[in-house]
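Before I ask anything, let me first share the structure, which is written out below as structure tokens.
Each chain carries a letter (A, B, C and D) given by its place in the written order, and its residues are counted from 1.
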Amino acid sequence: MKKRIAILMVLLLSLTLAACSTPTEPDPNGNGDQKDHVFYVTILTGDTTDKFPHLWNNRGAIFQVTTFRSLFLPNAELTEVKPDLASSYEISEDGLTVEVVMKDNLKWSDGQPLTAADVEFSIKTNLKAAVSNGIYTNAFTKIEGASAYKEGSADSISGLEVDGNKVTFTLTTPVGNFIQVLGQFAIYPKHKLENADPLELHNNDFWKLPVSNGMYKVTEFNSGNYFILELNEHYEGTKPKIEKIQVNFIADAIAAAQSNKLDFYNTNSTDQISELSKLSAYKATPVDILFYRYLIPNIKDATGKVNPTVNDVRVREAIIRAIDRKAIAESLYPSLAALSNAGVPLDHSAYNSSIDGYAYDPVKAKALLEEAGFDFSKTLKLRMYHTDQTSIDFMDAVAYYLGEVGITVDLAVFQGDATSELFQVRDYDFALKNLSAFGFEEWYGEYASTNANFRNILGGETAFDELIERLNASTEAAERAEILKELQVLEQELLYKLPLLQLKNVIFINNDRISVPSSVKFGNPWYNHDIQFEAWSFK
Amino acid sequence: MQNELILKVENLHTSFTVGPLNIPIVKGVSFEVYKGKTLAIVGESGCGKSVTVHSIVQLLPRNGRIDQGTVTYIEDNEEVRLDQLQRYGKKMRKIRGENIGMVFQDPMTSLNPVYRVGDQVAESLMQHFKMKKKDAMKEVISMLKKLGIPDPESRINDYPHQFSGGMKQRVVIATAMICNPDIIIADEPTTALDVTIQAQIMELMKELQVKYNKSLILITHNMGLVAEMADQVAVMYMGRIVEYGSLTDIFEHPSHPYTKALLRSVPVLGKQEGELLETIPGSTPNPLDCTVGCEFADRCEFAQEKCRIKDVPYRQLTPTHQVRCTLFEEHPEVVK
Amino acid sequence: MKKQKTTTSSMAKRTWQKFLKNKLAMLGLIVFVVFVLASLGAPILTSFDPNKINLANISRSPSWTHILGTDRLGRDVFSRILYGGRISIFIGVVSALSGTIIGVVFGSVAGYFGGKIDTLLVRISEIFLTFPQMILILVMVSFLGPGISNLIIIFSVTGWMTTFRMVRNEFLSLKEETYVEVSRAFGISDTSIMFKQILPNTMSPIVVAMTINIANFILQEAGLSFIGLGVPSTLPTWGNIINAAKSVEVIRNFWWLWLSPGLVISVFVLAVNFLGDGLRDVLDPKQ
Amino acid sequence: MAKFLVKKILAMIPMLLAISAMVFFALELTPTDPINYLISPDMASSAGNIEALRESLGLNDPAIIRYFRWLFNLIRGDFGYSIISGTSIREIIMLRLPATLELALVSLVLSTIIGIGIGLLSAINQNGWIDYVGRVMGVVGISIPQFFFGIVVIQIFAIQFGWLPFGSRMAPGQTAFFDRLHFMVLPAFTMAIAMTAALLRYTRNSMLDVLNKDYIKLARSKGIPEWKVYLKHAFRTALRPVLVILIFRLPILIGGSIVIESVFSWPGIGSVILSSISAGDYPVIMVTTLLVAAAILISSIFVDIATALLDPRVRFE
């Protein structure tokens, strides 16, 4: 055994030496001085690695917000917007007409003019696209004539008019966050994508070297390895100080950080946070985002067939009471997770402090189960689709707590893909789910009887519909808060979802190399917002 | 006819190490081989015949070892002690290739399946006489021709599997003969062959031996063959030579009960191997169980108490005839 | 008949003596027995419940209370390894047994009857043999789902080929022997000939192959659990315990979470392999 | 030889067809909606658009028609799409396979040299100390779980000494082979270990087998030097069974890479297989399985060729 180890050591050593004797770490941009003026960002392999990630699904990556713009630029909270491609907007009193005026003389990175026609093209294409974030679909289908266009019975959208540099939207019902959605919606170049099939737009070869409209353009794409962003000379705004960004496809962010090839990174993985925090170069900025972690019960399907195990609301309450959410959050996600009682975070002004919150109380949980006549001999099927260790530990803990009140738990990871398993196969009692939301509308939208997915497990209950509609239409903060408070009471009462935690995201910036103006405020890294990248610089 | 001694084996002991045990396989074997004569070593399988000859040329398996005794090879009046040579040393290798040729039992497995026949025969020529391949091939062709292999010019480029069993054995014999050795050791050269081929090969060997004046050590369990081929006969049982003498001594005056039993079971040439044992009662004992006395005692109809309790010496019946049996105590002991 | 009995028992005795002298095999046997006993006697050896989480006491390094420390949910690692051994060893042994049964049945049928059924079974075994076992297992896991019984099924289905080939070859040579022909002439049924007459002669290589399979399956269970596709995470198995050690953070900071289960698996599998090799040396008549 | 090859390749076709049919109909049995092979339901914009796509792609046709269409697409190199990321499977494979092949080949070379070398010495010095070390190595190598070995070397060489990186295939953007060679050291060695052990055992047994053959005795009786006996007569014949497992190991290495890639965050096909199995990405699982099957069939042809080259008995059949 000893000999074996010795031999192995020698072999390993010799190879190590061989590896080290090759020129060590040559500076790829070898300009002599230690600093290389390239801003390094990463995409984890596992995502698409052969194309620039299209922007109608996720929009917030730093290389996305610096290459593609929307009509407006939201603030970090995603509540206010600044002009971006558009110079101004106006909403009619009844909220049904929205007028957007485009800036003049905008250009794509290939020098072609960027006009209102591109906006019209983008919205029309989005309506037919197979892959798109629900927030766009929800907002744009409210445009008059959108449904007819979508079904193919009309060639144009009657509620979408272009007149010179002015775009006018006519809506069928008011959409409270219409402007915010436009602040996310990336405009695509009509002259490049006109003939592309909208159904497969996300796989179009355009994304191998896209024509952009932001501060940077893609100048080199090395499939599977990296792509390079350089200044877009047709960008009309302030010229950024950083001239080159390299986006690396990598398998492991920590390794990139250790080789000093990581300037900006965001994550909610506790392992990565703990490792990156150890590197003195990195400055961590936690951001509050709407990232929910909750259990969904499989109550009844769209035809009304009921799952008796979880149909009784007392059982659901018992289960949420049986879990010490706070202890789990604190030990598994130290300083990253916050207890969640409802769709609105506890520290938000619209949080309804009158709701119970169902604190940890195993005695009460047991009593509730007995009261509801819960069949303790039955095994509760608990499922998840997450495969990271912290989530597994998390669910192991949940299963343990349920075991403590006498429930036999069968915990497993779904075999099939998450969406099919959650909403089509539905072989579970409770499942762990995540939601990264743009706004409260998405959390509450899951309760809507029209939600294509959730109606399969909630049976198309209509209790929430009216409040949700009002929330969607409302733009006024106080009114929204009122509606949200009502919604919280209702969701607490019905317990169609069992909220567990809300997770923060942590943004890491390489403080040794990069200086970020103190005025920059970070928001949800999944969404477009103003991070004043033009003011960032190398130290 | 004065015989010229060419190989002398005296009191050879060989043992095998199996795990912690040391098992004696050859126990005090002595014999002589004369130039141009044939010595036949007969006995049942497992009696140590093969180990004896492998000891001579030092081709024992790794766990086999010569414990004592001498093996002397006489070349031009010069004596070479083979047992003192290094197993795979230069001298031993030279003797193996040039002076002593070997033919093994099974021609099917004696030839390396992946090399051409010609190359295999030529190998020792190239090794020992530093011959060029082309010249060596010429030799090979003429040797194969002598051995009756048709069309040797093209057959040297064939692989062993393209030969029949008899032809393969001819190739093996060619390998043994190619360097013109003095002695050929043939370890049951025909056991694995068809009956008709057996006769052909034996005839061929006899012819070669006579024609080129070779000495032959023939190992066999077939008394019929012995009668046809041998000048001298050594009968082995359980690692010992129980009777040693000229062909006439053994066939006309068989003395040891085992020899007699063997002769009683002499098959007509080509009779099946298995039938031999049926006439001798009992089965071969475990070599570990035989420590003192006569190994054959348990199967011997004349066995007495004294056969089992003390070592049995050789008795000289005639100047050429020795036997190791208590029945002949009136004859003088062989002094060594 | 009587005499034969004494010879078999003296054979067994000699085999056993030979085995006793094989130091590595003996060591393997001792380690194997110790581990099995320790797993079975887990409640005596530790007072901790392997599943009891203690969020106030997470990721603690080894101490007198927790001799191998606690994991990321505050569970006692020593207790988890002991209880985990039950499941890991159980899976290994049961899968090896059932794989052996499949192999023996198929092998006897193929070897005894020959012909088309033989060709078919041999072809199937070749397909199973050449296809990467790991991928085969993973594909099956993706259809059947994880879980102890599914793992056992998958392991048996993917691990019968060595036994099959051995048994088949033995049958092919043994069925020509006189005693089989005599039995057949006496009108003894095929199954009886197969299982009562021929099979006992093939027992030793089967036992050796089964031992090696136990080691293999324990390794594979660990590997599968390590990548999160083995036994559900709520059950402690050796693989599940080390599964937590995938991140650099754990490797760097919490050595006891990966070192102890890793060593336990290695030592146990090593012991079983030594045992198997030893058995081969002892039982194989060729040696 | 050419005829032999053509025959082998032709024999491969029905095999591949059978496997592809099995794969396709297994896919049909999974609970996933085939439209999900193209569009992740999470990313889908609306039910209407999905239905339109379904119709336009002919997903409503009978299974047998779809099978042949799928097969035709496969032959054209269109492997379909991942359910999870929507990426074309062909692109995934083109990007990830080289990483795995690189790793597999390096460890194959390493284990071949070490395994065959030690196996050979072990057999020649049977029961000597080299043999003893070799045998223990052979058992230890197949007994340590690869992932555990991986973790140990990460702990020693990457974390304690900091000599080598603990994961990834290259420093970001540094694609040149020599720049990333040191990234390969730990995973390649870890991957090689089990295979080295297996080869070692095989070589040793095969050599011992051959060394007991009569033709070795005959070779010795010709008086040729021992090294010639070992290398020329024994090794060449002993190599045949070793070569067979050697070539069959390449696809097995790809299977083994699943665990290694997971330990070392190596961006290869193994991690694709793993993540697609954990996420239930059946199209990816099936296509990679099919590819591995094809790889095995192809390597079996290589095995046949190699055997034929080494063994005239096979060549002349």
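The rule is short, and it goes like this: a residue touches a chain if its C-beta (ideal position, glycine included) is under 8 Å from a C-beta of that chain, and two chains touch if they have at least 3 such contacts.
Source: prediction; values computed, not measured.
When the C-beta pairs in contact are tallied for A-D and for C-D, the bigger tally goes to A-D. Overall, the chain located most centrally, as judged by its C-alpha mean against the mean of all protein C-alpha atoms, is D.
Centroids built from CA atoms put chain D at 37 Å from chain A. Averaged C-alpha coordinates give centres for chain C and chain D that are 24 Å from one another.
We define each chain's centre as the mean of its Cα atoms; on that basis chain B and chain C are separated by 49 Å. Centre-to-centre separation of chain B and chain D, using mean CA positions: 52 Å. Across the assembly, chain D contributes residues 30, 140, 166-167, 278, 280, 282 that each touch 2 or more other chains. For chain B, residues touching at least two other chains: there are none.
Shared interface positions of chain A, defined as residues touching 2 or more other chains, are 254, 387, 413, 415. Touching chain A in their complex are the following residues of chain C: 51-53, 55-56, 58, 72-74, 142-143, 145-147, 228, 232-234, 243-244, 246-250, 252. Put simply, chain D touches chain B in their complex at residues 126-127, 212-215, 217-226, 233, 236-237, 310-313, 316. Listing the residues of chain A that touch chain D in their complex gives 1, 3-4, 7-8, 11-12, 15-16, 18-20, 22-23, 25-26, 28, 40, 42, 45-51, 57, 126-134, 136-137, 141, 150-151, 199-200, 202-203, 222-226, 246, 248-252, 254-256, 258-259, 261-262, 385, 387, 413-421, 423-425, 452-453. Those residues of chain B whose C-beta lies close enough to touch chain D in the complex are 57, 59, 61-62, 88, 92-98, 100-102, 104-106, 109-114, 123-124, 127-128, 159, 161-162, 172, 175-176. Across the complex, chain A is touched by residues 30-33, 36, 38-50, 52-53, 56, 81, 83-88, 91-92, 94-96, 114, 133, 136-137, 140, 153, 157, 163-175, 178-179, 181-182, 185, 189, 265-267, 271, 275, 278-282 of chain D.
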